[in-house]
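Next come two complexes, and both contain subunit A; in the first it sits with subunit B, in the second with subunit C.
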Partner chain A sequence: MKRFWTYVFIALILAGLVSIGLFAGRFVVYLSMRVLILSIFALGYNLLLGRTGLLSFGHAAFYAGGAYGLGLISIHVTTNPLLGIIVGVGLACIMALVIGFFCVRHTEIYFAMLTLAFGMMVFSLIWNLREVTGGDDGLVGIVRAPISLGFASIPITKTSHYYFFVLFCFILTVALIYLIRRSPFGLVLSGIRENDRRIEFAGLSVRNYRLAAFVISGTFAGLAGALGALLESNANPFSAHWSHSAEPILVSLIGGIQTFTGPVVGSVVFILLREIIERFTQNWMLWFGLILLIIIMGLRGGVVGGVAQLFRRKRSHVAKSGGNR
Partner chain B sequence: MNAPLLEIKRLSKAFGRVIAASNIDLTIDPGVLTSIIGPNGAGKSTLINMLSGSLPVDSGRILFQGADITHLPIHHRVRMGLCRSFQVVNIFPDLTVFDNIQIPVLAVHKRARRLFRPVAREAGVREEVSQVLDRVGLAAEAQTVASALSHGDQRLLEVGIALAVRPRLLFLDEPTAGMNPVERVRVLENIRGLSEEGKTTFVIVEHDMDIVFSLSDRVVVLHHGVIIGDGTTEDIQKSARVREVYLGEEVMT
Partner chain C sequence: MEKKGITRRDFMKASVLTAGAAALGPGVLKPTGVWAATPKIKGPIKVGYQAIMSGALAGYGEFHKMGAVMAMEEINAAGGIAGAKLEIEFRDSTLKAPEAIKNARYFVDSWGADFLAGVDSSGQALALAPVMKELDRILMVTHAATEKLTEEQVYKKGIKQVFRICTPTYQDGNAAAFVAKDLPAKTWATISPKYEYGYTCWEMFKNTLGKLKPDAKFVAESWAPFGTTDFRPHINTIMDANPEGFYSTEWAGELITFVKQAKQAGMFDKIKHVLFPVGAAMDVLEGLGNEMPDNIWMSGRYFFQYPDTHINNDWVARFHKRWNHYPAYVSETGYSTMYAFKKAVEAAGSKETSKVIDALAGMMLVSPAGYRNFRKEDHQAMYDVPWGLTKSDPKYPFKVMGKQVVIPAKECFNRPPFEGPETMPPF
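And then the complex of A and B:
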């Protein structure tokens, strides 16, 4: 019975997402794409934060890796976005592997500070390597040429067409993260969050599992970055800035880091709130910060966690990792 | 004649001026249930910490089944078959009891790296988890969150997690501390049973002398980081040195 309603719910959401692509105006479609891209970024990120219990301040670097990887391919090699995305995602993955290698041997504040330091280094590299990255101008003029698969070619030039491509990537991400969270690997990650010392005594290398979680989250950040660059037609150096690393953290916190859907719900709240507040006031950051404060402090466990708690007040103890809400 | 399971050669450890282990030589043979006793602060936990890899040694060597493991990381030792439980409860508090046991069982079955297959579909693993839960008497609590267990049950889980890696040599650091008599008997029966099966060799740190003398094949007495007694339960009960250390404790009579 509960299963049935879950399927109905998923079908409704999917129908809603598809009809946005079919019927909504350009601005709504654009905004929805920003939500979807931020969701991809945050879903991957939360595998590290909520699941493994590691707080990284450096994931903007991998987002930028995806954006610049795609941009460089698009400008210098081929405008086929598929190759650009593959290279962008691959670059982010390699960056995460290298940076993660040095970071995962430390925990808590040391880990967080190291990721911040590496993130800053990537930002200043992008800023200073003018010949390659365009410096403060970024890479401009990225075109959305059709995705050619050899046997078929999918046009994504029009905003609404590109929307469906982003939606496809979003669904793929949701599915992959869902599977990972339910897998043996996902259980080991919750074990690391709960008690990393004891994981060693299960015969597992904490370092390797942490690194794997780091690389997976960095890779999804790269996918988000590549899609974002295609959306905005440029790769922006500030996408590598540490302040951008805060976005997946905030979004996960808003939605609930111990939930599966939290990062997605958080992304919706984040983008919409910001858009609305920016209409009314110049110093949107102040009001935005205030509202975030209220959500995060008021709803321990985030929006999804809070709502879920209302629904099952009676059942007293529910395991953190148990469900895929 | 079996080769020794574990050989410790001139093992030393000091914390500042406190000497917790001083040139300890010890050999543990397979199937011999050994107890390590000694007054508080004798260095029992420190010895286990060094053998299991939680603490680096100052000097000396540790050989496990002939291989030098002195500087191996913890998880390598566990994979070779050397594991431990902790004096202070050290579980995965927010996971269910089932998942607490499942993590080590996944590791033993080499399934822990699977990324996309639901863990619920690992039938062999689930079965073994249930067996371990039955064994430690927590089958009814399988879906309870570990932190919601009573202290005694958490201790049972603590031992269960250690057993779940199917160790050849298992150190139990005060496995019955804080248990009620019923749980205590259960754990001890388990240890005896498993020891007789012969797959796992147990080394137990225990304060309760009744338990020590009824359970052990061999007793090792530590005092200030030095072994002052080593032999059968009768040898130890007769030893003058040991009596001296435990002077006044009625248990030794």
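And then the complex of A and C:
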């Protein structure tokens, strides 16, 4: 019975997402794409933060890796976005492997600081390699050419067409992350978060598992970056800045780091809230910060965790009162 | 044990379904133009304006706003644009490209803007150009200075929706070289921002001065990253090279910090010929007050003392009365942008993008900064901005321009087709 409702719920959400692409106005479609891309970024990221218990401040570097990988291919080699995305994601994956190799030896604050340092190193590399990356102007003029698969070619130039491509990648990400979390591998990651000593005594290499989680999350950041570059038709150095690394952290915290859907809900709240506030005041940063503070401090376990708790409490309350009678 | 959630198979089914729907979607049910804003000649004329309104440079946004709001008040008091009311909405651009794009899309697709204006950073302007083509709305750039915007995006790529009302890097690089050519200094050095704007201007300055004065030498350069607060190592590098002339495209708060520290180090006593291409900005002059040394060459995108015409003097007085500030250059460009839209819409008899583009290209605008001519090929406004030597004036609580030199835009702006001979000054 419960499974049936989950099924209906997912079908409804999918129908909603598809109808946004079909019927919504251009701005809503654009904003939804930003939510989806941020969700991909945060879903991958939360595998590291929520699941493995590692706080990274450098994931924007991998996002930028995806964006610049795609941008460079698109400008110099071929405009086929599929190849660009593969190269972008591959670049992010390799970067995550190299940076992760040095970082996962440490935990907690040392890990956070190391990732921050590596992230900012990538940022200054992008900023200073002007001939390759265009410096602070970034890479401009990335075109959304049709995706050619050899036998068919799918146009994504129009915002509404590209939306379905982003949606497809989003669903793919959700599915993959879901599978990873449920796999024995995912359970080991949880084990590391709860008690890494015990995992070590179980005969597993904590370091390798951490590195794997790091690389997987970095790869999804790269996918988000490549999709983002195609969406905005440019890659900019600030996408590698630590302030951008903070976004998936915030989003995960808003939604709830211990939940699977938390990062997605967090992304919706993060982008919509800012959009709404900006319509009322130019002093948006103050209000945005205040509301985020209330959500993060007030709802323990984030929006998803908080709502789930509310339901549980209600249910147990009903059960209790029923028992008393 | 009860199995919670969904299985892998369920997931596969769901994803195949959506993928199918996604593939079919665009083909079967195309979104029609019902949601797209259809511009009418009637109704208010809406301008979406974005500028930096948060962080250390928020003061710039305020100056943008003062100019644009004043133009709106005046235009509406005088009957609007072709009888229609002018409305402006402002948004914080945060200097990041994705935010600029989001703002532009919000303005056009959600708020229903007919025109867009503003934009401070070059990176943002370049990122916006293809978006303006997609949205098919005119963007009037009022501050971002990169010549790549007009040379590459407008001229070479043919993005006709982009115009620029302020002077580009030509004023900072080329015109500065014309000023430097007549100075007795032969060796030059720079401390400039470590990003594209700084590099481009210094490159232009070197190239043009090298042609105008073949014996000029460039002896030292030191690049200060964005957000530099301690310029002393840079100042030492330059003083060690002992140049006769000094050039710097530092701007806003960083220029203020730099001038204070250079003064302490005695740099202005040692180096007599100093050029600040964006020194004649009100935030810098007001911020430095009497600490700005005398006899420094400075320029900007407009300076309120030039031209000495009735229109300009009258405007400066009105501006001062309304805001209790002297207009910054972004105030003038913001103000004139609204009048440019007004003139073009009235000439086109429509607010339709393609018609207004035709009216704007090649249009002559009378503005506080003087006559502006929007060059047909690259949509760059051609107008003259003076270079002047700083001096004290008891009438103002800050330094103003004493001796002024005007390098006509025709002489110092690059010319289309921007490649090959006779496209870069001197002509």
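We adopt the following convention: the second predicted complex is superposed on the first by the 313 of 325 C-alpha atoms of A that agree within 3 Å, B and C clash if a C-alpha of one lies under 4 Å from a C-alpha of the other, contacts with A are read in each partner's own complex, and residues count from 1 in each chain.
Basically, contacts are C-beta pairs under 8 Å (C-beta built on N, C-alpha and C of every residue); 3 or more make two chains touch, one makes a residue touch a chain.
Note that this is a predicted model, so its numbers are computed, not measured.
By the touch criterion defined above, A:Leu172 reaches subunit C but does not reach subunit B. Comparing subunit C and subunit B on the residues of subunit A they touch gives the larger count to C. By the touch criterion defined above, A:Ile276 lies against neither subunit B nor subunit C after alignment on the C-alpha atoms of chain A. Once the two complexes are overlaid on the shared chain, A:Gly21 sits against subunit C while remaining clear of subunit B. In the superposition on chain A, contact is made by A:Ser190 with subunit B only, not with subunit C. Of the two partner chains placed by the overlay, neither subunit B nor subunit C lies in contact with A:Ile294. Overlap of the subunit B and subunit C interfaces on subunit A comprises residues 179. Residues 2-3, 6-7, 10-11, 14, 17-18, 21-28, 30-31, 34, 127-128, 130, 134-138, 140-141, 143, 154-155, 158-161, 164-165, 167-168, 171-172, 175, 178-179, 228, 232-234, 236, 238-239, 275, 278, 282, 284-285 of subunit A are the ones that touch subunit C when the two sit in their complex. Residue ranges on subunit A touching subunit B, taken from their complex, read 176, 179-180, 182-188, 190-191, 194-195, 197-206, 316-322.
Put simply, subunit C touches subunit A in their complex at residues 2-6, 8, 10-12, 14-15, 17-19, 21-23, 25-26, 29, 31, 35-36, 53-54, 90-92, 96-98, 101-102, 105-106, 108-110, 122-123, 126-127, 129-131, 134, 146, 148, 153, 157, 194-197, 199, 226. Across the interface of their complex, subunit A is touched by residues 52-54, 73-75, 78-79, 83-84, 90-96, 99, 102-104, 106-108, 111-120, 122, 125, 144-145, 148, 161-162, 164-165 of subunit B.
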